[in-house]
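Labels A, B and C are assigned to the chains in the order they are written; within every chain, residues are numbered from 1.
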Amino acid sequence: MIAFFTDWGNDSYYVGVCKGVIKTINRKAEIIDVLHDTKKFDPKVNAHILHRFAGDFPEGTIFLCVIDAGVGGSRKPVIMKTKERNYYFVAPDNGLLTLVAQEYGIDKLVEISNEKYFFRKNYSTTFHGRDIFSPAAAYLSKGVPIEEFGPELEDINLFRYKKPEIKNDYLEGEIVFWDTFGNVQTNIPAEMGDTLFKKDDKIIIQIEDQKFEAYYERVFSDVLPGELLIHPESSGHLEIAINQGNAKEYMKLDTEGVEITLKRKEE
Amino acid sequence: MIAFFTDWGNDSYYVGVCKGVIKTINRKAEIIDVLHDTKKFDPKVNAHILHRFAGDFPEGTIFLCVIDAGVGGSRKPVIMKTKERNYYFVAPDNGLLTLVAQEYGIDKLVEISNEKYFFRKNYSTTFHGRDIFSPAAAYLSKGVPIEEFGPELEDINLFRYKKPEIKNDYLEGEIVFWDTFGNVQTNIPAEMGDTLFKKDDKIIIQIEDQKFEAYYERVFSDVLPGELLIHPESSGHLEIAINQGNAKEYMKLDTEGVEITLKRKEE
Amino acid sequence: MIAFFTDWGNDSYYVGVCKGVIKTINRKAEIIDVLHDTKKFDPKVNAHILHRFAGDFPEGTIFLCVIDAGVGGSRKPVIMKTKERNYYFVAPDNGLLTLVAQEYGIDKLVEISNEKYFFRKNYSTTFHGRDIFSPAAAYLSKGVPIEEFGPELEDINLFRYKKPEIKNDYLEGEIVFWDTFGNVQTNIPAEMGDTLFKKDDKIIIQIEDQKFEAYYERVFSDVLPGELLIHPESSGHLEIAINQGNAKEYMKLDTEGVEITLKRKEE
């Protein structure tokens, strides 16, 4: 089974082309569309999204993940097999696999360089999604062993981010993305929140030089409309939201990846 | 076969997560995406949409329908098996199943409460689509009998709506939704229209205290550009539209569910 | 395998309805969504898009292509089997098949008129996608021979367009569509470009009475941000783009299908 994740949009025929390529190589391949309408050209934001959905797929799933950075430059196409779950990630080595590599461990990592497994076109430029990544996923789904695709690599490129941590009386972590409703996702596990805070605590949120106050709650309706709350999102991380409002706009956030601390307000 | 219908949008990874959960439970499950980009948090509008597409699916289809109301409150997760067509609807009991229940009849109705068939996560909050509804659909597709999921219920919650009816010399019904082109859908069957009106009749449309005149026709091109018409939409219901125009804006509609009457203008 | 291509949008239940119809006729049919969010009511633009993705699908693929013109009028529903690749195209005969017919050759062409293979509904109007095209694709996928669907036709309707050509010292062709980034697609094969031009050449683009200067390059990053370039797009055609900009807006294009010439600037 191939779980397909790109930032190409649902209004592009590129996704369709890649499905055609996969089915040409392996007529029996099963392709599951996961998401194609996500923040474009942003491997870091999408690394967090990949991390949030990957774990709900069955053992042995092949994840075909094509999110490239906007700017050029050379990054290797890779296949990463994980220790836990026996997952295969077919992706550019640009940080996109950072969190799933840390979560599931790297069992084997190869560069995709064996042209035998490329989709050959006599075009002068290359559409890597079609010509390299999709064929690799298709051949993997046919049972071609990972070693066949190219030389083993030592390690993937990791992007830097603030690891979530409990620091005496506060939590630190990072804002990782927001959704279309303006609900703001952090990388801080909900259990860390429950270690330091209890329901209805008033929390000081610090983001760079800005401070906000929010309630530590379970669900939106625990606060009044318009009030800020911190609560566990369904992925198991703390989310900052406004009941019937837009927290991202209220907090005037414009860049993901900023550090955040959460501390109980003493009263 | 699982027909998948939500209001989560095509820009959310939640749909992908649920596919992962389903395939984890039943690797052989076939998932058909029906629609994920529909009016959010509106069980009533989506009840009409569900009713319009369900009947074209084969007998025995499992419909996984996750449209919750915006506000909280407790509604039970249910599985409804229908008398006709042998359909299974896995959905929140919030009115979403009103029209398909009336159309196909309820053969058996259970609350989903047997935690054996939940997708267990140690999260403090619950994403019902992932944790309850998707697993139920997946286990049904594996052949688990409906009785296994929980206790039988007497009846589902129905929302109220104006049943379409022929009243002497006029028709009454409700405006149920509009599409992105501003074509306005009613719940009045086309046959009722043909009982009272004939092609090219001038019709008085009354919606609350507003009145409009339209022609009773077959297709858009039966009227001039800019003219209002009433005609049978492909689902078999009367639609109000403007040839090359936007009827919803012209009629200044802003809420679905308002009553409508249609009467021939005497001349 | 049925590759499904419409202009109905991802926010419409019509795509879902057609999947239901197909699965009702052939439970084993495999449906691959290619694209549903493309320029509406435009068979010509979509003929180019169809041509760009079709070739990457395996031999024997059934392409279900429902793009109708905005205005009414009668066009026949057809099935076209191609000489090369053994493809089947199920589509309205409105020019949509122009380029794939020229690329792969017509082996057999029939009008879909045998009502035995319609999806019968007692509705007074017809939704051809649901009632004629989808059933035809489904029955084809079950092995019904093309001759069964209706009488053979002589030829399809072709739309007119400027065939790409090398004219002494310049190239001529047509602007065929643009994407959401404003990258402008031509129908001129990249090889024609390489015949007349070399990397870094300055090129005069003429579109009607407007002239622009661009560099002939391989990739976006070969020019500075804001500069215009011409380069081979992944489909193998020349694309006009601005590095980190919107070429369509810069060139004030508003209609596809205009002629274009490319000539090296003498210096």
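A few comments on the model shown:
Everything that follows uses one rule, which is that contacts are C-beta pairs under 8 Å (C-beta built on N, C-alpha and C of every residue); 3 or more make two chains touch, one makes a residue touch a chain.
Per UniProt, the chains are A, B, C = S-adenosyl-l-methionine hydroxide adenosyltransferase.
Keep in mind that what you see is a predicted model, and the values were worked out from it rather than measured.
Taken together, the touching pairs cover every possible pairing of the chains.
Interface note: chain B and chain C, two copies of one sequence, contact each other through mostly non-matching residue numbers (shared numbers fall below half of all numbers used).
With rounding to the nearest 5, the Cα superposition of chain A on chain C corresponds to a rotation angle of 120 degrees. Chain geometry summary: the mean Cα position of chain B and that of chain C are 33 Å apart. The set of chain C residues touching two or more other chains comprises 10, 33.
Touching chain A in their complex are the following residues of chain C: 1, 3, 5, 10, 32-38, 49, 52-54, 56-58, 61, 179-180, 190, 194, 218-221, 231-236.
Remark: chain B residues 9-13, 15-17, 19-21, 23-24, 27, 31, 33, 71-72, 119, 121-127, 130 touch chain A in the complex.
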